[in-house]
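One structure coming up, written as structure tokens, with questions to follow.
For clarity, chains are labelled A, B, C and D in written order, and residue numbers in each chain start from 1.
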Amino acid sequence: MEKDKEIFQRKDDHIKISINENINSRNTTWLEYVRFVHNSLPEINLKDIDISMKFLGKKINAPIIIGSLTGGTKLGLEINRKLAEAAEKYQIPLMVGSQRIQLEHIETSKSFSIVRKYAPNIPIIANLGISQLVQMKNFNSVEKIIHSIEADAIAIHLNPLQEIIQPEGDTDFSNAIEKISQLNDSLQIPLIIKETGAGLSKNVSRKLIDVDIKYLDVSGLGGTSFAAVEYVRAKKQDNHLKSVNEGTFLDWGIPTAASIIETKAVAKNSTIVIGSGGIRNGLEIAKSIAIGADISAIAQPFLRNAYKNSKNVESYIETLISELKISMFLTGSKKIEDLKNSEYVILPPLSTWLEKRL
Amino acid sequence: MEKDKEIFQRKDDHIKISINENINSRNTTWLEYVRFVHNSLPEINLKDIDISMKFLGKKINAPIIIGSLTGGTKLGLEINRKLAEAAEKYQIPLMVGSQRIQLEHIETSKSFSIVRKYAPNIPIIANLGISQLVQMKNFNSVEKIIHSIEADAIAIHLNPLQEIIQPEGDTDFSNAIEKISQLNDSLQIPLIIKETGAGLSKNVSRKLIDVDIKYLDVSGLGGTSFAAVEYVRAKKQDNHLKSVNEGTFLDWGIPTAASIIETKAVAKNSTIVIGSGGIRNGLEIAKSIAIGADISAIAQPFLRNAYKNSKNVESYIETLISELKISMFLTGSKKIEDLKNSEYVILPPLSTWLEKRL
Amino acid sequence: MEKDKEIFQRKDDHIKISINENINSRNTTWLEYVRFVHNSLPEINLKDIDISMKFLGKKINAPIIIGSLTGGTKLGLEINRKLAEAAEKYQIPLMVGSQRIQLEHIETSKSFSIVRKYAPNIPIIANLGISQLVQMKNFNSVEKIIHSIEADAIAIHLNPLQEIIQPEGDTDFSNAIEKISQLNDSLQIPLIIKETGAGLSKNVSRKLIDVDIKYLDVSGLGGTSFAAVEYVRAKKQDNHLKSVNEGTFLDWGIPTAASIIETKAVAKNSTIVIGSGGIRNGLEIAKSIAIGADISAIAQPFLRNAYKNSKNVESYIETLISELKISMFLTGSKKIEDLKNSEYVILPPLSTWLEKRL
Amino acid sequence: MEKDKEIFQRKDDHIKISINENINSRNTTWLEYVRFVHNSLPEINLKDIDISMKFLGKKINAPIIIGSLTGGTKLGLEINRKLAEAAEKYQIPLMVGSQRIQLEHIETSKSFSIVRKYAPNIPIIANLGISQLVQMKNFNSVEKIIHSIEADAIAIHLNPLQEIIQPEGDTDFSNAIEKISQLNDSLQIPLIIKETGAGLSKNVSRKLIDVDIKYLDVSGLGGTSFAAVEYVRAKKQDNHLKSVNEGTFLDWGIPTAASIIETKAVAKNSTIVIGSGGIRNGLEIAKSIAIGADISAIAQPFLRNAYKNSKNVESYIETLISELKISMFLTGSKKIEDLKNSEYVILPPLSTWLEKRL
């Protein structure tokens, strides 16, 4: 029972800490070292710019996935509802927060299923941690959480940094890749493997592609630091993390720009790369697509905006779309794919990293 | 009528914002990464340094074009008069601000034609935006605005960033290059194509050279940010730009030094490269000429000085000339062209950019 | 007698200055330019991570040597006792502070021998300066200080920077390498040659390896600056150092990361490289091992913690172990040696240094 | 008469501004990008380090030339006396300030000749500007100023930056190299050509070597900025420099480290390179010698110290010598020439500059 209360408490702690405290990585996404070359003669009409695309079998209006990050509590339910309404209104995909709580507390299902109620037509992505997966004997529970939101795909998030830093973390990753492969084989819907702020490397991406994973969400370094979140939480709880120096792992991970390029370098034609991790505006979406992503995902700013009110969520989406279109206009890109042929320059230290890695 | 008032208001807004607010790009011109190698034994006499040249068929006393940036209002007229007087006194060229307002409001002609009245002998450059051009069926109105100031050349400015950021902007650039080519063929005077603070790239310059444009004004990143101007204006008007994050595009563009070198790299022998964008002193004029420009243009500081009084304009011109001559003296350059053979070193990140682009 | 008091005073001065003043080098270790590539799928269980190893013929629980830095006074004795207790509890090696004082003041032996009393089972390393060694006719006194703590090895520290900066320093290094070779031949236990914060270069390491030294402790730049310690002390004593500008040598030395890689580059298979100099957390231990060290040594933070109380020493060791394990987990390293095959990227200026040196 | 008073006033202005105002270049010497590789086993005895050398036919005790910078006024005389006493005491060379005033005001001779009175045995260097030289019909007056101090050599300083920036400056350098060559042929003592804070380039040095100049004093960028001195002075005098923006030329010149390496790259075996410009401590003297200088010169700190009192001058010399010896000890250099074979690493941006220039 104590543990039960604890998990709900942790859920709401995460939201509030995300909103009220500085939990940004000290390291940036390195997207600032990707510089578009301005095109003074775009030879297109803004009106003709088309950012719609197909994703998970559905047409979506923009290459932006809303990451909810939450669920399970009353506060989570409310946030999920607001995000679902906005996702439906703008016809863009939504990924719910970790549904682990749903496995243990069936009564929390509503806080997740509400997204399908308010967003009947968009791609919705279920979400579970690798730690839950590796403990499963069969995947019945996975089917259940998929079913509960009529998910179009499910993401399994890899969060070794978070697991090992938080006092309650699960730290057995020994058969993770095997379980991923088994789940992939058993699923009727696509499986997305995603990181959680420390970035997929080319070698991890290659391993995943080798077991037929088609959707890779890089979630690189540069945005929310879960190390920072856990530190703040630990401090408020009389220092559970005493065996880790504050700050030691605040820079841990592969910057988002490097992670996208590493993953794209080993991707097959059929691989869908999701660019995420600290992306905050439409220009960064454009850059992530230019260097290799097919679509972007953004989480923390949506959480922050939804916590305030629905209007903020809508206006944030409009800003992202507007900025993405401006970036496309100024690089002469009519369609999303055109961004991949746009001119850009990669400056150090990102270029140095790539020289040594690719 | 509302729209009419609005356009006059915008004109004066631009001037006042330019003068009272911080509207500089966060990015520099990168001219600081061009370093002249000092020559301790110049073997010349300062008195023998000759910075005069031919420009648009007339002899001018210095390779400096005054950009007025304004016109159309009473305030604009006054500023234009002061700038014309100074241009005539020092025999240097003048480019008027956008004459779009003249197309729609014939009564504003005087605020532009005053420059020819006060500057009968210097090259004067008419100025119109690409957005006006693309909407034209014929070029009669262009002929009119040229005639109104007896222009020696006309500049068409490419301002996709400004157009797409300002709420009232025109964002159809689909047949821009074709229209430019047509105008070029029909004109009796030279056509200058200029950017407006985001820089010409080598590919845009090549396209323009391919349709026989001989005058390219790079107007690179590093000076006035029109994104910044529009943000400030929008804020004062109850936030029209709500769909763009403040700051997202403050660094957008090709730094002036990179833009000059890119353009020069694709220039023909007959191409005249105008180096501009954030140039503020005579040393920067010398640097821009050393790396490829034939002449420099400066706008914002002239606006600021003219707003104060004519004395400031004159003393600013004298400073520019003096600093340019000092730079020539200290590099042993007797004539403008000698600067092109002067010794200089290009340091990162400019050298990195060039390695990847040329 | 005056000189006697002085040496005891100096010992305690060093401790107090170390604890109360800013005596860090202005230069970092450059370990921040070594970046591990995050492994999202470590495929190991945290529980299976084994950081134990053999060192000086004994099994130790972690690749961490406690450097005591002190001894000889009552305060030194107390600190040594606390460190020995912790070393024994966690079964990690301990190196005592310089035993020079023991050569001249036999009554101070207890302040050193106490470490063996409280730490009967761990490797203990005796410690003497090169300046004492070069003055010896025979090595009887070395045998004595070894015997007094039943040392498993003895370290001779090279501290030319400290000797030349402190007013009382010995500055004849003319036959140092010969004496080292002689001592090495005469000893029954291994001889460790260590720097003291300025780093071993590849050429110095090669010379030492050429005379059959098997243990090299790099002690690079980036941690405590003995130049800084001496300045602070001199200031308090009416400025003995008037003939050295404060700050001139604050950056002197080879950054720890560069020193480890240089030393490893010339090491034989049988060489044991000890990575030290400004290492402060478990991630830095992991990095130093990844780039070439076999084990790490940390001194100043142990001094600081022991000065406070034993609890701090223990919790600091736990933090180091925990952070090292996290670093191993997140790079998929099960054993210490696996760190050497982990993925990492070396960025400038460290990569620049290495290009020019190796 | 007005002009006469002015020249004396300027002399004292220069001293006081040098001492009371911030007149440092914004640019450093770039000597911080030259990093010695620490030698932990120097295998020498500090006592055996010998920094004496032959210079201008006399034995001197250290490779340090005192630059006086002044003369002509009562204040200048006093400073010169103090510097001469110290130079004699430590047996190091002295270069007097510009003797131009002596040409026009014979009564000022004493303020210069005093140096020989107080320093009978050391090399003393006379000093005149290139602007005086180019106006001479014959070199009788040069012989006189040489004679007045029984100079062992005379330096002609090249100061185009200073001449062109100061309102009273001479700016005809057209036959400078020819005059230098003529003077060189006519002199009985060696001719030193020196810059004044903007650095000799490899091409200027080559030209000078081609006319048989054997002594080159680079005087690079990084120390006193004469541009800054003139600005401060102009400001106090109701702004004579109105035609130069404050700051435009504050970074002008070749950083000292680059200038030494450029000059050494074109030097003959017989060329003596004097490393100067912003050198402030003995480590920087060691670095300048390691990268190519034969001896160093320091001016501004001597002026500042002499203005205070003689004790400061002496203790500053002792500090320089001590720091130089420490640098030699820690690089295992017994003699000055050994520094040239010491290990060092050159980091960007200095290494970038050299890649592009040599």
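By definition in this document, a residue touches a chain if its C-beta (ideal position, glycine included) is under 8 Å from a C-beta of that chain, and two chains touch if they have at least 3 such contacts.
Bear in mind the structure is a predicted one, so any value in this text is a computation, not a measurement.
Student: How many degrees of rotation bring the Cα atoms of chain A onto the matching Cα atoms of chain B, given to the nearest 5?
Tutor: 90
Student: Between chain B and chain D, two touching copies, which fits better, same or different residues at the interface, with half of the numbers shared as the threshold?
Tutor: Since fewer than half of the residue numbers are used by both chains, the interface counts as different.
Student: Sort the other chains by how far their Cα centres are from that of chain B and give me the top one.
Tutor: C
Student: Taking the mean of the C-alpha atoms as each chain's centre, how many Å separate chain C from chain D?
Tutor: Distance between chain centres: 44 Å.
Student: If you average the CA atoms of chain B and of chain C, how far apart do the two points sit, in angstrom?
Tutor: Each chain's C-alpha centroid was found; their separation is 62 Å.
Student: Touching two or more other chains, which residues of chain D qualify?
Tutor: Those would be 348.
Student: What kind of graph do the touching chains make: line, ring, star, complete, other?
Tutor: Contact pattern: a closed ring, each chain touching exactly two others.
Student: Per the touch rule above, enumerate the chain pairs that touch, sorted by label.
Tutor: A-B, A-C, B-D, C-D
Student: Quick one: which bits of chain C touch chain D in the complex? Just the residue numbers, please.
Tutor: Its residues touching chain D are 158, 160-161, 164-165, 171-177, 195, 198-201, 203-204, 207-208, 221, 242-245, 248-249, 252-254, 348-349, 352-353, 356-357.
Student: Give every residue of chain A touching chain B within the complex, in rising order.
Tutor: 36-48, 280-283, 315, 318-319, 321-323, 326, 329-330, 343, 345-348, 351
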